[in-house]
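Step one of this worksheet: look at the structure below.
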Amino acid sequence: MKLEGEYTFDGTREDVWKMVRDPQVLATCVPGTQNLRMTGENEYEGEIQVRIGPIAGTFSGRLLVANEVPPVSCTLTVEGTGKVGFLKGRGDVALSEQGASQTLMKYTGEVQIGGKVASVGQRLFDTVSKSMIKQGLDKLNEILKTSLA
Amino acid sequence: METTLQNVFDLAVTVNGTRYEQAVEPRILLSDFLRHDLGLTGTHVGCEHGVCGACTVLLDGEPVRSCLMFAVQAHGREVTTVEGLGTIDHLHPIQEAFQEAHGLQCGFCTPGILTTVKVFLEQNPNPSEEEIREALSGNLCRCTGYQHIVDAVQLAAEKMRK
Amino acid sequence: MKPAPFEYHAPTTTEEALSLLAEHGYDAKILAGGQSLIPMMNFRLVQPAILVDLNNIPDLAYINPGDDGGLRLGSMTRHHQVETSPLVAERAPLIHETMPKIAYPQVRSRGTFGGSISHADPSAELVALSVALDGNFRLRNRDGERWTPAREFFVGLFTTVLEPNELLVEASLPPMPPHSGWSLKEVARRPHDFALIGVAAVVTLDEKGLCQQARMVLISAGDVPMVAHKAVELLKGQAPTAEAIKAAAEVAATEDIDPSSDIHATAEFRRHLANVLSRRALEQAFQRAAENK
Amino acid sequence: MIKKFIGKRVMRNEDPRLLTGQAQFVDDVEIPGMLHAAFLRSDYAHARLLSIDVSAARQHPGVVAVFTAEDMGDDWFPGPPLVSPPPTAKDVTFHSRRQVPLVKDKVRHAGEAIAVVIAESRYIAEDAVEDILVEFEPLEAVVDLEKALEVNSVLVHDDLESNLAAQMFQQKGDYEAARQQADLVIQRRIVIERGAAAAMENRGIVAHWDAKSQHLTIWDTTQAPIPIRNGTAARLGLSEHQVRVIAPFIGGGFGPKIMMFYAEELVIPWAAKKLNRPVKWIEDRRENFYATTQERGQVHDVEIALSRDGHILGLKDNFLHDTGAYDPYGLTIPLNTQSHDMGGYDIKNYSSEFKVVFTNKTIVTPVRGAGRPQGIFVIERMMDAAAKELGMDAVEIRKRNLIPPEAFPYEHKIIDQAFAPLIFDSGNYKAVVDKALDMIGYDKFVKEEQPHLRVDGKYVGIAIAPFVETTGVGPYEGARVTVEASGKINVATGIGTQGQGHFTSFAQIVAEQLGVEVNDVRIVTGDTTEFHWGTGTFASRGAVVAGNAVHAASSIVRKKILKLASKVLEAPEDELELEDGQVRVADIPQKSVSLGELAVLANPLRGAVEPGTEPGLESTAYFGPQYGATAFGTHAMILEVDPETMMIKIRRYVTVEDCGTVLNPLILEGQIHGGVSMGLGNAYYEKLHFDENGQLLNASFADYLVVSATEMPRIEVGHLETRSTLNELGAKGVGEAGAIPVPALFAQALENAFHDRKLEILEMPLSPNRLFELLNEEKSR
């Protein structure tokens, strides 16, 4: 499935970049992320507990950052597997300045799901990914605003 | 199963007029309890996610999916399965009608349809074809294309009005 | 497809249930009718550690007249009870008309009003209807209760304002004002499937026959029941002409919703259907309002 | 008066048991000490298996065993081929790759079995499956048929040069020469996607090894119990007489239950023997969507050449056929497609090459229709395209090309699924089409009603689709008919039954021959102990092939009865009548003897018998047709579509079927109704959605849309009877007929409904969403 979207942050491009490149900050934006640890340069491992209403599942997985062009763009790759299936995503993130104090993030990517979540949960998948991305980015923006305040 | 039972409940339930008392694990589905604990294998299991309707039984006279209930939830209640309708020698009028109208082929979905239809005809003794099709909307049948089932329900309604 | 093990509690009073929720928090899952939860448990998509079964609490199942001329529905009231209630037919005709469209007979004899609302599936009819009818929900925990309007209750996919220790105990549906009309239009692959799109509309005309009040909520059009705010704004104070309705439907479909794609319908097709059904729902609702003088 | 039963609406013998919950299905089998199995299946469609750790699962309380491919040791080897390989010829390529019991090195489709847990209950087995840890190396999945054949494609089977499983070319006449003479040549690409059989009962197997008697009993939801018995014995090193396979009541077959030696059929009997405990495995619905075979995926590049007056000069159809991860069923489906590509039309020049393609998807074997709906969809879509191009009436162009009655037997000069010449034995096609037109009131609708509907802004279309169905193929079936001392008749046959009413239609054949009531005839099917020889129920062959064997055996028993009765009653055989379970002398009804008495006399306990006599009133006979009988039918439909929501309502549905002698019209109608409902699914509701990674996105009945009572129209069924020349009964099969023309008919009706749009449907199944897209594309053209 393809994902595409944009989001405007209330901060400069450097501030946003710093945040995006800080896995601990990223982790706080994905609700349920636990035990994030660095396993190599630009490579992290951890567990994420996804909770969508009654559906709760733990995925253990990897996060990779590649194609870094600070503070402009990078590629994030996420892989996770759990009891309910697996998830693999790749997203290209690009930041551009939007006036003096705002930054526009554009992202395009693809998500692959497999196993139970794919076979019986497809109805929800688009909605879930859209809302998780939005929640995550809202949270990021909040953190950004707090840190700048 | 007895080797790993934790959290066991003492269940007392009346099925087709017979009272059963048995210890069950709470996660056991009513469909499995009826089939495998009580040996009432007339209730069939086709999807275990509440769409096909093969497992329909009556709970205190209301049609329910027995795959979407835990057996413990039937505690103190009355369950009617297809075995509680008629016998081979004395078919219930609905069963007679299904034989006469050829309302079944492989017969797998049939028990769930019979139980559904029983309540439906009690509530609506003179239904239209459209009402019958609506009433059957929660029962999938892959063999008959439903037409002879609809005919059978009409015939059953006639028989039961007499 | 057998559920994973869980610890089972079957309280017989609301207080007992609330204590269990207070004690177990996120680990506990409430079992109402089970018609959405148990399939997910059978698929093992959901593996709650603890189930608190509300089916043995008779006090939660009732349909009462509200003092305001509306309805009070206990959260464990079965769909079938609502479907066949003369009081519901009289006081909430939109609900009455919708009930037979919800799932199948066997699911309606088990599924509950409060369960459907708390599950907060944006494809569920009652979720949208509760907003369209401007309902209120009474939520209780061990220490007290609060009321939340339906329009603020749903916050995301399967997600509501309910805290883990809280229980939806009652829904209150106000009466529709005089000169009101209603409609529910849905398109589903098979009549009893989740709607690809559904539209619930409730409108009220003033003395001059102009649109005084309107609420339109779209089903399967976003992660929550989607309220067509902008579309409705266009109609307020206007005569419900074919042109006005058409324009409002267009806005509803383009600006008020955020539909997703799935294997049955792309977001584009959903927007198209939202446009068509919004128009049809508004037409029917206004016509009924005009007849309900 | 001799009672006639053949052709009568006789109620079914099997119903009382089914209606009261007393009929035994596989999951109803309970044996003391029985264990329950659950399989760990791959989430990936294509992945290398790096490691499996089952230690935690083995420790799980209540688990008795966990097996992987490695644990099977030398007993691990692929299943046997299901059908004979194609003849070796220069135009044929075939790479046989068969399914394995448990994945050893590489997963080839999502849902492929990797390990099995055997525990005290299914619940515990499923708990322990979650404890198994598997390390995969995910590989790119082969999903798209055309991309699969590209040179640089990833390979499903690494030892092959490409994903080509098979290739075959067939021709008749000279297509290229015909094309040269044509006034009109139309080319189209037609895409057909997969659907599921979705029998209401999932598969299941119970295996019970009795070490003391050295005997293995298997209850299996199979359409072909005897081959399962033979194959299992061979795999386990047992004599065929040590293995009994019972196919009890089966909750619908529709093809996938023919597929012999699913992974579970390879593993469960082996495990039961190994553990010396009875083991049950019952497929759940989600597994059924992955692990049970599917069908219909094809891509056709088709070309039709016509004269100006609408005569077909030639047809060329090159197509790709998706066989999934393995190809145990050989070329049956694509050969069926070729056999139906020309429909019931007299086409002199035909050229067709198919390529069978391996993909990382569930295995493909026949599903009700088995390649036939695809062939009919292709030719009927081309007929509609041609009618439009030529400005001809859709009915007229069809009638002009039908094979005329005097042309039978009509030889097609290509080979069919059994590698035998494709010959249509008999028929009167135009009469069938005319009857369908008459029943639906075609002319009146088109001339009088439709114009008014269009004025009212309604989109209501009419369609008519003729089709052929090759049925009743060999090799053979057998039956044993016995008169018992009670006077009742016992009949045993080797085929299985899945709701087709064999207990009744076979009983009708016997009852008519032997002068007894239908419910005095007990039929046994699907138990290898009762009957030892046979192949199975498939290809609309049960009633034709086994039915004729029953007919043959009962004819012999009738002769034996008459011979003995003649002696007993001291009357010549030609003066005897069989009626009411008695043999009577025609003019002296009080002079009679019952069948029961005769059965006792035929099996004396003392005394001498004449040399050469066989005991009992019993006979076993076999029937093998020279080639398959070909039925013909025509469906017609009036369809209304809401042009805004794409929702449809079928206003009328007519079928006319000529399947030769009708044994039981009630059962026949039921077969047609059911077939139409599946066909309607294939037309507008049922599609298996595989994503680009080979993940099936709708493995549940919530998302895979089996047609329910509210979508089905009432079907009006008409009959004509042109006897088959290939068997005594004159019967042809009908089991798959209902499903075959529906998608073609539906497409035609939709196009006709959208009279003001240039809608062309070149895909099946369609959906409201696709219809919306097609109309948008048309608008922007």
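Lettered A, B, C and D in written order, each chain numbered from 1.
Note that contacts are C-beta pairs under 8 Å (C-beta built on N, C-alpha and C of every residue); 3 or more make two chains touch, one makes a residue touch a chain.
For clarity, every value in this text was computed on a predicted model and none was experimentally measured.
**Q** Just to be sure I understand: the centre of a chain is the mean of its C-alpha atoms, right? Then which chain's centre is nearest the mean of all of them?
**A** D
**Q** Which chain pair shares more contacting C-beta pairs: B-D, or B-C?
**A** B-D
**Q** Averaging over Cα atoms per chain, report the distance between chain B and chain C in Å.
**A** Each chain's C-alpha centroid was found; their separation is 29 Å.
**Q** Using mean CA coordinates as chain centres, what's the chain A-chain B distance in Å?
**A** 48
**Q** Just the number, please: Cα centre separation of chain C and chain D in whole Å.
**A** Averaging C-alpha atoms per chain gives centres 44 Å apart.
**Q** Going by the touch rule set out above, which residues of chain D reach two or more other chains?
**A** Where chain D meets two or more other chains at a single residue, that happens at 123, 130, 284-286, 689, 697-698, 700, 702-703, 708, 710.
**Q** So which stretches of chain B touch two or more other chains?
**A** Those would be 25, 27, 48-49, 134, 137, 139.
**Q** Mind pulling the chain A residues that touch 2 or more other chains?
**A** Touching at least two other chains: 83, 116, 120, 122-123.
**Q** Tell me the shape of the graph of touching chains, choosing from line, ring, star, complete and other.
**A** Here the contact pattern is something else, fitting no line, ring, star or complete shape.
**Q** Name the touching chain pairs, would you?
**A** Chains touch in the following pairs: A-C, A-D, B-C, B-D, C-D.
**Q** Please give the residue numbers of chain C that touch chain A in the complex, ascending.
**A** 29, 37, 40, 43-48, 119-120, 122-123, 156-159, 194, 222-223, 258, 260-264, 267
**Q** So in the complex, which bits of chain D are touching chain B?
**A** 11-12, 14-25, 27-28, 30, 61-62, 120-121, 123-124, 197-202, 249-254, 284-285, 498-501, 666-667, 669-670, 672-678, 700-702, 706, 708-710, 712, 714-715, 738
**Q** What does chain D use to touch chain A in their complex?
**A** 43-45, 110, 130, 138, 286, 289-290, 689, 691, 693, 695-700, 702-703
**Q** Help me check something: in the complex, which residues belonging to chain D touch chain C?
**A** 122-123, 126-127, 130, 284-286, 644-645, 647, 685, 689, 697-698, 700, 702-703, 705, 707-708, 710-711, 767-769, 772-773
**Q** Give every residue of chain C touching chain D within the complex, in rising order.
**A** Listed in rising order, the residues of chain C that touch chain D are 1-5, 39, 43-44, 187, 189-194, 196, 263-266, 269, 272-273, 276-277.
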